[in-house]
Structures are given as C-alpha cells and as structure tokens.
Amino acid sequence: MRTETGSVPASSALGAKFHRTRALSEALVRPLSDADATLQSMDDASPAKWHLAHTTWFFETFVLRDHLPGYALFDARWPFLFNSYYEAEGLRHARPRRGMLSRPALDEILAWRAHVDAALADALPDLPPAAQALALLGCNHEEQHQELLLTDILHHFSVNPLEPAVWQGAPKVPVAMPGPIGWIAGLEGLVAVGIAPTERPDAGFSFDCEGPRHQALLAPHAIADRTVTNGEWAGFIADGGYRDSRHWLSDGWAWVQKEGVEAPLYWRREGEGWTRFGLDGRRPVDPAAPVTHVSFFEADAYASWAGARLPTEFEWEAAAAAHDPAGGNQLDAAGPVEPRPAAGGPAFFGDVWEWTGSAYRPYPGFRPAAGAVGEYNGKFMSGQFVLRGSSCATPRGHSRASYRNFFYPHQRWQFTGVRLAKDL
Amino acid sequence: MRTETGSVPASSALGAKFHRTRALSEALVRPLSDADATLQSMDDASPAKWHLAHTTWFFETFVLRDHLPGYALFDARWPFLFNSYYEAEGLRHARPRRGMLSRPALDEILAWRAHVDAALADALPDLPPAAQALALLGCNHEEQHQELLLTDILHHFSVNPLEPAVWQGAPKVPVAMPGPIGWIAGLEGLVAVGIAPTERPDAGFSFDCEGPRHQALLAPHAIADRTVTNGEWAGFIADGGYRDSRHWLSDGWAWVQKEGVEAPLYWRREGEGWTRFGLDGRRPVDPAAPVTHVSFFEADAYASWAGARLPTEFEWEAAAAAHDPAGGNQLDAAGPVEPRPAAGGPAFFGDVWEWTGSAYRPYPGFRPAAGAVGEYNGKFMSGQFVLRGSSCATPRGHSRASYRNFFYPHQRWQFTGVRLAKDL
Amino acid sequence: MRTETGSVPASSALGAKFHRTRALSEALVRPLSDADATLQSMDDASPAKWHLAHTTWFFETFVLRDHLPGYALFDARWPFLFNSYYEAEGLRHARPRRGMLSRPALDEILAWRAHVDAALADALPDLPPAAQALALLGCNHEEQHQELLLTDILHHFSVNPLEPAVWQGAPKVPVAMPGPIGWIAGLEGLVAVGIAPTERPDAGFSFDCEGPRHQALLAPHAIADRTVTNGEWAGFIADGGYRDSRHWLSDGWAWVQKEGVEAPLYWRREGEGWTRFGLDGRRPVDPAAPVTHVSFFEADAYASWAGARLPTEFEWEAAAAAHDPAGGNQLDAAGPVEPRPAAGGPAFFGDVWEWTGSAYRPYPGFRPAAGAVGEYNGKFMSGQFVLRGSSCATPRGHSRASYRNFFYPHQRWQFTGVRLAKDL
Amino acid sequence: MRTETGSVPASSALGAKFHRTRALSEALVRPLSDADATLQSMDDASPAKWHLAHTTWFFETFVLRDHLPGYALFDARWPFLFNSYYEAEGLRHARPRRGMLSRPALDEILAWRAHVDAALADALPDLPPAAQALALLGCNHEEQHQELLLTDILHHFSVNPLEPAVWQGAPKVPVAMPGPIGWIAGLEGLVAVGIAPTERPDAGFSFDCEGPRHQALLAPHAIADRTVTNGEWAGFIADGGYRDSRHWLSDGWAWVQKEGVEAPLYWRREGEGWTRFGLDGRRPVDPAAPVTHVSFFEADAYASWAGARLPTEFEWEAAAAAHDPAGGNQLDAAGPVEPRPAAGGPAFFGDVWEWTGSAYRPYPGFRPAAGAVGEYNGKFMSGQFVLRGSSCATPRGHSRASYRNFFYPHQRWQFTGVRLAKDL
C-alpha cells in the first residue's frame, strides 16, 4: 500500500466508507467455517481469516497505534502474525505458513475487528488529516483484500476433491452469443494519463503508482470493444494453441511445458465440452461469458494466435476514460460472483481484469511515500505486468481509469481476462 | 495394516474393545476446534480430522463393505479422501494435500463415526471370524492412529508462533535426578524372539511383522536399565556433540548440516537453559525426564559419544520379555501426555519409544497377508529402523515385547528416545 | 537471432566480415584446452566448444542447408546437439546437459568450422540476397556469442578453486581516481529512437528488436557523464547497502536474502580490501574502474541509495546518439579483457553494459521475422530489462546507439554496470 | 576406506601390488581424452581424472605425508580438490562440482601420479609396518575406484546423445540360453561368517566392516545356482512388473513412479526388442547374459514377482565360501567390460554384484579404526543394502566371500544384478 494521493473526504463520508467496507468483508466470510477460513492452498494465496486480520492490523497499526495516544494493542502477539510484507514493521510470520494459524479462531478475529472498529469510529472525527488519510488508505487496502479473499477461497476450495461451493449459483438464463469483436479506433499522439490529485482536488482517492499525471505518446491503433469470450478461447484450444510454440513467449512456453497447462485455470474437459470451477461450484463453461483465469502468457499467446496484440496500459486508459468505472459486473455484496455474458455496448470495467502489454514500472517522476506505507507499490515494480479495469470480484467504486493492478505473467488465480488491440 | 496373527477374542470382548477404542479417539480431539483438526504442518503428519476419518474408513471398507451384505457407504466420495496408502484400494487424495480438507467438517466426520459405530456394533455378533479378525485389526490400527494424532497435533501447533497448548500441564512435582545408568547383563546365545500366534493361542493380537517366532543369536552384551535423560542430553550438546562429525553417521551428519539441527525437536535455548514445546505448551526442559523427539541419527551419535551403542531389537526384546507391557507411563485417557521422570526400577515400556540399531526388515519366513490389508507392514521394510517399547502417547495395552515400531532415521516428531547398550 | 533489418554489404565486404568474425572466435579459445572448452558451470552459461559449434550450426543450417543446393551436413547428428532454442528446428539437447559433450572434441569442432567456412566462402558470391542477409545475421550472431563465450568461461573458471586465468593481465598503471559524476542535461520532449533500415539504407546491420524507428517522449532529466566506479560501490557496501531493505525492489531483496549476496559477483573480501576474479585471475579491485558484474537489482538499489535512478533506454539512446559506438574499451583481439579506469570525457560505449530502467518489450509496430530466425528476439520480451552500450567483451563494431541487450534482473555474469540518471 | 585388518604382505609383494594397481588405473583411462576425463554427469559419479587424483591423494596423504619425514606435497592446493569425504582431513571441494576441474589437466594428474609412485616405491622398503598397512589399504582403495571409474564413465557417456563407446565390443558369439535356475540347499543353523585376520594370519587383506568373524544363524533355505538373466527380466517387464504396485516396497514404488522407471538403466526399447548402452556403446540386449544395472528396489520386486526372495548376506557368504573369489568374469585389463552369458557350473563371483536382502549394518563387536581412515566404512551404515560377490568391473583378486559392497536401494549405475533365494 502506499500513501493516498487524493484528497480526504469529510470525516462523516469517511466514516460511512469505513463502516461499509468493514461490513462487506464480514459478509463475504459468512458462508465460511473457521476451518474454511484457515485454509492456505498455495504461497500466493492467504487464508480468509488472515485477510480479515491483516486489514484490521493495518488500521490498528498505522492509524490507532500511531495516531491515537494511549491506544493499547488488542493482542501484542498478533502483529507478528498479520503483517504482510512491511519490512519496516519488523519480522513477520512466514508467508507459506499462514495456513497453520488455526488460532486465533475466526471468532477471535471478528472480536478484534469489532474492537478496532469501535475504537476507530470513536476516534475518527478528531484524528488529524494525516491519520484520516491513512484510514482512507486502509479502506482502499481492505477493498483490495476483499477481492483477494474471494479469489483465494476459490483456489483453496479448488484443491478439495469435493469442490465445495461458497454460494449457490444464480439460475442460468440463455443469452445470445456476442457478435464479432468490433474495433474502436484509439487516440493517437500525446494524451494525458495517470492521476495527479493536487491538480484535481475532486479526484478522490488514488494509489501512488497511478501518478504523476503525465503525457504519453500513442501510436495509431485500434482496441477491441469487448473482451475475449470462453467460446473464442475454446477455439484457440481446439486449434492447438497450447501446443504450438510459435505463439508463445519463451518464458511462457517453458511454463506451459513445465506445468502441463492446456486450458484456463479451473477448466476441466468433460466429454465433448468443458466445465469450470467457480465460487458456485463446478458448472459448464458458458461460451458467451468472458474468459477468465488466464495468465499473461496465455493472453499474449492468444493475441498472437488471433493476429493481434495486447493493448498498452495507456491505450487502454485513453479508451476507458469516457466510461463509468462504477459500471458493469462488479462486487456489490456477498453472493454469486462470476463473469457474465456481455450485455449492451462497449464496457471497460467489471467481469475481468484485462492484461495489458505494459510491464509494471514507475511513471516519470514517481516517488514512493515515506515510512512503512511507502512499501505499498513501488517495491513491486519488477517482473510484473499491468492489468487494467476491474472484475466481478472488485468492490464497486474501488477502481478507476488510472488504476494499475499488477501480477506476475504466470499468475492466473485472479479474475483475469483479455482484450485485444492492433496497430493501424 | 495387516492381518492379525493372534486369535480373535469373543465377540463381546471385541465389542468392548471396539467401543473403548472409538471413544478414546473422540476424547482426544475434544479440545480441538474444526480448524485445529484440519491443520497439516508437514507431509509426514496428518490432520486430526483425517485420523478420525481414516480409521473409520478402515472399518467401513474392510469390515462393513466387504462383509455386511447390503451395507451402503455413508458417502461414496469419501473413500478417495481417506484411504491412506492402500494401492489396491485405488486412487487417493495426495498426502501433502490432506490439510486442505476443511470439508467435510469435524462434525460431519463425527456423524460418520457414529453411523459406522452403530452399524458395526449391530453387525459384530454375527460377523464371520474373518470379519471379526478385521475388526480387531481395525481397533489396533486405530490405536496406532491415536498416537499419531497426538504427535501430529503437537507438530501442527508447534509451527503456530502462538504455540497453543492442547491441555494444561500437570503441576510439576520436584523429583530427584536419576542416578547413573546401571547395566543389565543381557542373555547370550540363542533366544526365541517374535511371536507366533498359532503356537500360543492365548497370545492375543499381534501384527504380521512381529512373526514368525524364531531363534536369534545374541552376542555378549549389557543393556542400560533406563533411557537417557534430558539432563544427560544437555551434556552432549554442551560438549559440542552436534558439531563433531566423528560421532555421526554420514547421512546423519548431512542431515544435521542441512537442517541446522542443534538440539532435540521442540527445544529452544532461552537464557542459560532450554525449554521444550509439548502438548501442554512451552515449558522448561525437565532434566530428570527421558529425552524425547530425537532421531535415529541423534540417538546413534549420542551413543557413539557416550562410548556405547544402541541395542539390537532382539537384545531389547530379550531384556523386556519379563516386563509388563501395560506398565509405565502410557496413554489411558485424554490429558497431559509427556514423558515423566523415572520412578522405581528398570522399565521397558512407556514414556518414549526406543531406537534400536536394527534395520526394519522381515523375519525369516515372513509373508505378508493377502489382499489390501497385506499392505500394512511388509512394504515399508526398507530404509527404516526399528523402535521398541511404547511411549506416553501409546494407548495402554497396545504394545508388547515383540512389537516393532519403525521410522526413517531422520524422523523425530514421535516420542522417540534412547536406551544404550554395550558389548561385553 | 532474427532477420537483419539493415542492408547487406557487398559480398566482398561480407566475406571479409565473415572471415574476421570466424577467426576471432578461434583466437578466443586458443588458450583453452579441450576440457576447458567442455565445462558448463551453470544452466545460463554454455561451454566454449558449444559456442564454436552453435555459431557454425547457424551458418550450416540457415545458409548452406537452406540455400546451397546439394550441400551435405558435416555430421547429421550434430544439429540436435548444437541448436540452442529454435523450436521450429526441432528437438535439441537439454541446455543443462551441454557440459556433458566431451565428444565431439574441440578439434572436431574446429574441423567442422573449417569445412563450413570453406563451403560458405565458396558459395557466398553466388548466394541470393536473402541468404547473404542470413550470412550477415550469422556474423552478428557469432559476435554475440563471442561475448558470451568470454563471460561464460569466466564463470566456469570461477568455480574451480584454483581460479585459473585465461590470460596474464596487463601491467597495472596507476591512474588518478575519476572526479565526481557530472550531470548532462538530457533532451526533452519528442525524440526519434530505434532504427529503421529502410529509411536509412546506409545504416548497416541491426536486429529486429531495435526497430521500428519511432518517436519517444522524454521528461526533463539529467544523465551521468560516466558509470559508477568500484570505489563508489565499496562505499555502498560499507554503508550497509546490501542489508537495508529500503533500497531494494521486493524481488531483489528476496534474491539478496536467498543467495546471501553482499558484493558484486567475483568479489571477495580479503583483509581490509576486496579482490575480484577476472579473465586474468584474481586481483585487487581497482577503485577507479567501472563496477561490473552487478545485477539489475543491485543497480536499482545502488541508484536508490544514491538518491538517483537508472536512465530509461530512450534517455540513454538520446544521450549516446552523438558518441562513437566503436570507441572506448571494446574487444579487438584475444587478450586481457576487463573494464578499465576511465580516461577522457563522457563515453557511452565500452567497459560495461549499462542497466536501464526499461523492461524489454516490443516497440510500437514490432513484428518478428518469419521462419525459425524469427525466434531470435521477440520471444524473450517478458521479465527482462534492457541494457545499453557495450562492454570490454563486445567485439568492436558490433554495437550501436540503438542496440538493445537484455537480461533477467538477477543475472550478473555479463560485464554489466551502472550509469545514474535523475529527474529535473 | 578403512584400516586393513589383514596382515601385510612382504614389502616386495606389496611393491608389486602397488605397481600393478597403479598401472591398471592408467590403462583404464587411456582411451579417454582430457575432456572425457573431466565429465561428471551426476552427483553420485566422479570424473575419471578425479579418481586418478583422489587415489593418489590417499597415498600422498596417509602414507607419504604422515610417514615419510620431509616429504613435500606435489601441490599444496590439490588436497582440497581431491579429498572425498574425510571430514577429519578438513574442508573439500563440493562433490557436485568435481566436474568443473578442467585444471589440473589429465597430464598434470598423471605427472602427480608418477611423482607419488616414485616416492612411494623408494620409501616402501623402509616404511614402518603401519605405513605399509596403509599402502596396502591404498591399493585396495584404488581397486575400488577402478570399478567406480568404469561405471562412472559409462554414466557420463550415457548422457551424451552420441553415446560414445570407450572400447570396441568383442565379437558376439552365439551361446545357448541357460537352463532353468537350479536350487542349492543352503547351510542351516550356526555358521561362521565374516573375517578375523588376527586368527587367520594368511587371510590377506580385508576391510574393517567384514569383521569381526562371528556366528550367524541360518534358517532352512535354498539359493539359486545362477543370477537372473536379461531374458528372464524381459519377461518381468512383459508381465507388467514395473506397473504392479503389489511387487514393490513402498519406497521402491514411489521411486518407480517419480523417475518413470520401466526397465534396467541404459535399456531402450527399439522396435520389438531392447538395446542397452555399455562401455562398448549401444547394442542389443543379450538375453543369455546376467541382467545388470538394476536397483535393490527392482531386485526385490523381481524376486517378489518370481515367488522368491533375495538371499541374506550370510546365506550368500555361506554358499560362496567354497568358490574361488578370483574366478569368473572380472577385470584383468583394459578392454571390453560387460557381463557375459554364464558358462559352466554355479559361480558366485564375476559378472554382477548381487543385491542381498541385508541392510548394511555393523557386525557384533565392530569398531571403526582410529584417525581419518576410520571414516572408511562405518559411517555409511545407514540406509544402504549389502551386495556380495564381484562384477565384470571388479579388479580380479579384489573380492572375497566376506566382502561387503553397499549402495542405496535406488542406485543402479554399478554392475548390479540379482540372485534369488527361497525358504525351505
């Protein structure tokens, strides 16, 4: 995380956001048992309980401990357990061992949350602006963990042969297959990208890596008006896409060979068709819905196979600027969460994060914030690629056109998908 | 597991044993939450829940399914989850993934147990002798898993930085330090070892690997009248025992170097002294109690340092033959379980399993049983060493002088200790 | 490798370049025994013999086999051994097993070279332009392998405790320490970068990834007038630079911790000072010479510690455009090869490759060539960073301002160094 | 290695043995280039050059350095390179890095050998008995390395796709297939095994682990009159032996699954039949010859499939006692070395080492020798199994009935084979 660069809302608005955010996290874990919430299926993922605790640790540490005189820690042994990667905050429990924390129990974590929530709600009106800014950062931080909590529990459950569902799925309504991709001519030449809060005091919150706002130079190009569907992806598979090295980056080809990849994560061939595992259990793949759980390597190979390429992050941002970042299929409340067949015109938010061809690197003039929260974004700027937009698991209101998500090119347990672009 | 070789008790006695065994397992997990019972901290260990389920699977599969016409499985998907290593029973869930089974929940497993218990209690009087023999085998099998359940939960909890205790420890009563080791002259020449039920119909249950009964040739030797204490082990450490390659087997030295071993498992240096983690949490090491959680490599190095050696399994068996296998500090009920300072004369049972210098190999004329239960013992006869006796976590009544426990030479999460021997 | 994008020199000029290139490779291996030339010390490096053979395979395959009717392979079994990564050319010997090829012997490889050289020299005048272009590509390809051959042999020899020298070092002449870094104000706004041969027919050879030529937008910045020296690097070490997580990218910090990195590769602390291993053996570190054998992670951490940053590849290219790419300390002939203290004014070529802050990604409009040679550059465009300039081991004449070298951020067995930049 | 326990021959006889042994090693490497002699294909194997050097280091260190006043080491840096595992002799070059020693060159090693040979030949007559005993030990040590040198070079060459041959094979003469196995009734009851030199002054050399001589108790059994043939092994494969878990030890089954084992090492299916790689290159498997390059796991599984078992080491020793240990197909000189179809009656020496069912553990009363040479045998007494007899690569005269060879149960790059036994 990292220092916010937007202005701080009035404390009552902040209080409302805080309350809403904290409540959503707890709603998300309601279907989970203590044991469910303790699982850790891989190093990349964390237990649901850990997400609940870590986000609480963030508020307790950077707001209450640092800014509320006399505040006593709920349990002095827990920061060691629930710090994630803030080196400046000292030693921490090894990441691959997070799944060993049957204690504290889920109920104890929820009690901690209630304690911190009450203390923060009391303190909020009188906190100095810097602390309020950290509280706002904490809300945005927790929204990120809400998405991770969902994608992580999906992974945890996927390795249980019983393949439990978190929620019952919504009834499937037949929809028409989307038509062919339409191509939108992109802007060309110098365009302004990124976000610079000091210039736009009404801009709201943003993360440090989204700025400074600056000019970018776009070459002539077009961008697809929708993301790639499962049905199109099945065509790639059927055409031998996973077995033809010519489509793949060298590292991607090595990954395919080593891991035996032959379809998106959670897909399984059954009879003539495919099923996928989701938060509503195992169901048939819907050909009209956006493909998801694909890695950058797969996205890039698909684009190559399709005679296109991935958009750069600035091509994407310029195209998305006119669209409502709070629109589309995003997370409003606990319930079935999955990409849905497109309806209506071009959309750039919701359903799936979209891999871009841009490596995640700093913008001109970027400087991380001082202190422990300065470790939020900048230190991850090697080896990862930028994703833009938002997904069905992103809390509505969290994302924006300048938002930069980032993952390693082999990772695919997030709701990640593909939009094509091409040179003109 | 493997076919019993003892005679079968009358069905009422068997019923009582069955009831007693099943009840003890459930008493052992009473302090555990569903999340506690789901943990798996290493491949060698299994979740508590898994032990409860696997032992139930054994009865359901080999007794009810195979011998009770019309019996319907409680849940047809569960055998895949709870088979351990019986290749003949088909595919099974990967061992390192046992800790991912938050579902079925602990309560569901307990319901399964109740269902199987009722069905088996009903059926038992009318079961054919072969099925009764399998039920008796199942009881002995479950006793083995009771011990594993305890040593596994100890390991699971040890990797939680909070180091939870399963039970409150008993109050510590000061005891006198044991005097120097006394040496008991061992038998010499041909002695009968092992157990052969057909010749001794009153012998009760035994595992196939304990027979056939046969002659063994003992060289002149003496065997210690007690096991090595924590205080003596601290002397080995203080003398640099873990840093002097001359005491160690080559594989043991490589293990010490690679793992950075410098004390028994669960020991931690605190100030001038040592603490250890146990089922009652972290406490000071008791110098008068038997050392435990040491590997064969450590046991062998200690013996070398002490100018002695480990006994062979037959030296041990000959010396133990006159002792009561149901005596000493063994498991009677849920409660604090730990090795205790010796009281009284020489004892060969209870407190800690004792590493012998004997590789675990078949006796002359050994033949595994037919069918899936034939995979119980024989297939493990490479690379492991025999331990004799029993520990504080062994259900009382489970062990006997001919009993052969076995582990790999680097393993030490069981309650394993050391008795010395020497040539005369 | 990949299709050249420059025009092809007259065949006599090409013939001269071919002859010169082939001769230099053989001069480089003259001090090596057959055993030396067979060594492979890590997966990233290849045996000297393999470089000699692989470059020969390139000419034999893509020029003689494909364009000289009736040409018979020297040995039909060898392409399997000496293909590197051209998937389209079929299976190949596993990269980590290249060091197992004691056969064919060095002499046999040299005989193959002579055979191919003679055939190609004969054929060259009559080859169609496409084949001549491939021959020119082959020369540039071999120049790249000449540099790798030197850096690889350095690594191979470094793991021999005897630390053999390839050549005797030149006598050391005392030089004045360079003064403080001077800052050159960089161009700002739109600048043309990359190379587009069709627009500049006299441009000579270039690799596909250097184009298309396009506009780039530069922010206000300054760039250092020389690279960082060993003396300055020793200051970074002395200040605890390798132990302070705040300077490091997250992946870099993990690498430092895991590998125990505390100085550039080949450095060793001896008494109060440092020595380094080089092609002339182990010698004291020269504080006035450019630091080398540092990874991107180290370069980035150093820049952070120094309150600066790495230049982008386009800032570098714009600054270097006015400098002679054939100047400075580059490879002319076999002999001592090492970075030397700077003399004279600002230089952008020679001594060490310079890490930039730019991820290695395609330029707008980039398209790889068709056929197997199309695998040369494009497929490596993930996870790597661009280096610019050239080193003491780069054959003079090989590099140019638009040249893009690339390695993974942890790699440091090349002659890699650091030039700083800063925002204005 | 370890202190000899036999008496020392007169110094002239010792001198002759020394000369003969040293000459044979050099004859064995004559077909190898310096590069061939530098290869190391796996951690278990060592370069041929290393064997030549290590055996020389043994003489230089334990005889010349320790017993010849004023002797100066040939090169003081080399002991670090060529010590194998003698912890008491200090640090040493990492075993997996032995293949990086292109320097010293083969010629330099040979010059070292000549230097040490001359010094030792001069000194031998006047050396004290303890030093002469060490020289005799050194000869037996070198004989062991001669066998390893051959099996190692076979492995090194096997990973080169060209599969070079060390020697041309002998012309194949058609032989009759051996008849069915005949069963020899074994001794029963107490038999004397092992060797005790002080009681038998004419016994010649033996290793410490072969004693003390002691009584062993044999159960009624029979032992096969020959080893298993390739033809019989092909039947095991054809019957699905490698795919049926019931035949396999648990560790063996895991090894088969993980490594994808489906035939002896170096076998390859070609058309309807099998070929094998040997020191004479790749050739058809000879069905009449003893099977070789099988692991203990395979040997045990075969025996299980065949309804038999492996003999214990004492059953083997008792049966072999009447046979000439210098008979059969053993190593006399450089030349084709491979198991050959049996001719004549029962034989227990030559062709292949024979896996026994005995874990390699100390005999009653065993004590390792003092000093560094005490690390020869005793410290390897965990996890390995005993092999008896000798192979086509064992120098004739090296083995005897009491000889105990030992390897881990998965290892199979030695000439290892199978003789069956059964209970009566």
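By letter and in written order, the chains are A, B, C and D; residue numbering begins at 1 in each of them.
Going forward, a contact is a pair of C-beta atoms (placed from the backbone, for glycine too) under 8 Å apart; a residue touches a chain by one contact, two chains touch by 3 or more.
Since the structure is predicted, the reported quantities are computational estimates derived from the model, not experimental observations.
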Chain whose average C-alpha position is farthest from chain B's own: C
Euclidean distance of C-alpha centroids - chain A vs chain C, Å: 38
Whole-Å gap separating chain C and chain D, where each centre is the average of the chain's CA atoms: 47
Cα-centroid distance, chain A relative to chain D, in whole angstrom: 60
For chain A, residues contacting two or more additional chains: none
Chain contact topology (line, ring, star, complete or other): ring
Pairs of chains found to touch, sorted by chain label: A-B, A-C, B-D, C-D
Chain B residues touching chain A - in the complex, by the definition given at the top: 33-39, 41, 77, 80-81, 93, 97, 99-106, 156, 159-162, 164
Residues of chain C that touch chain A when the two form their complex: 85, 87-88, 190, 214-217, 219, 245-246, 248-253, 296-297, 300, 357-359, 361-362, 364-365, 379-383, 385, 409, 423
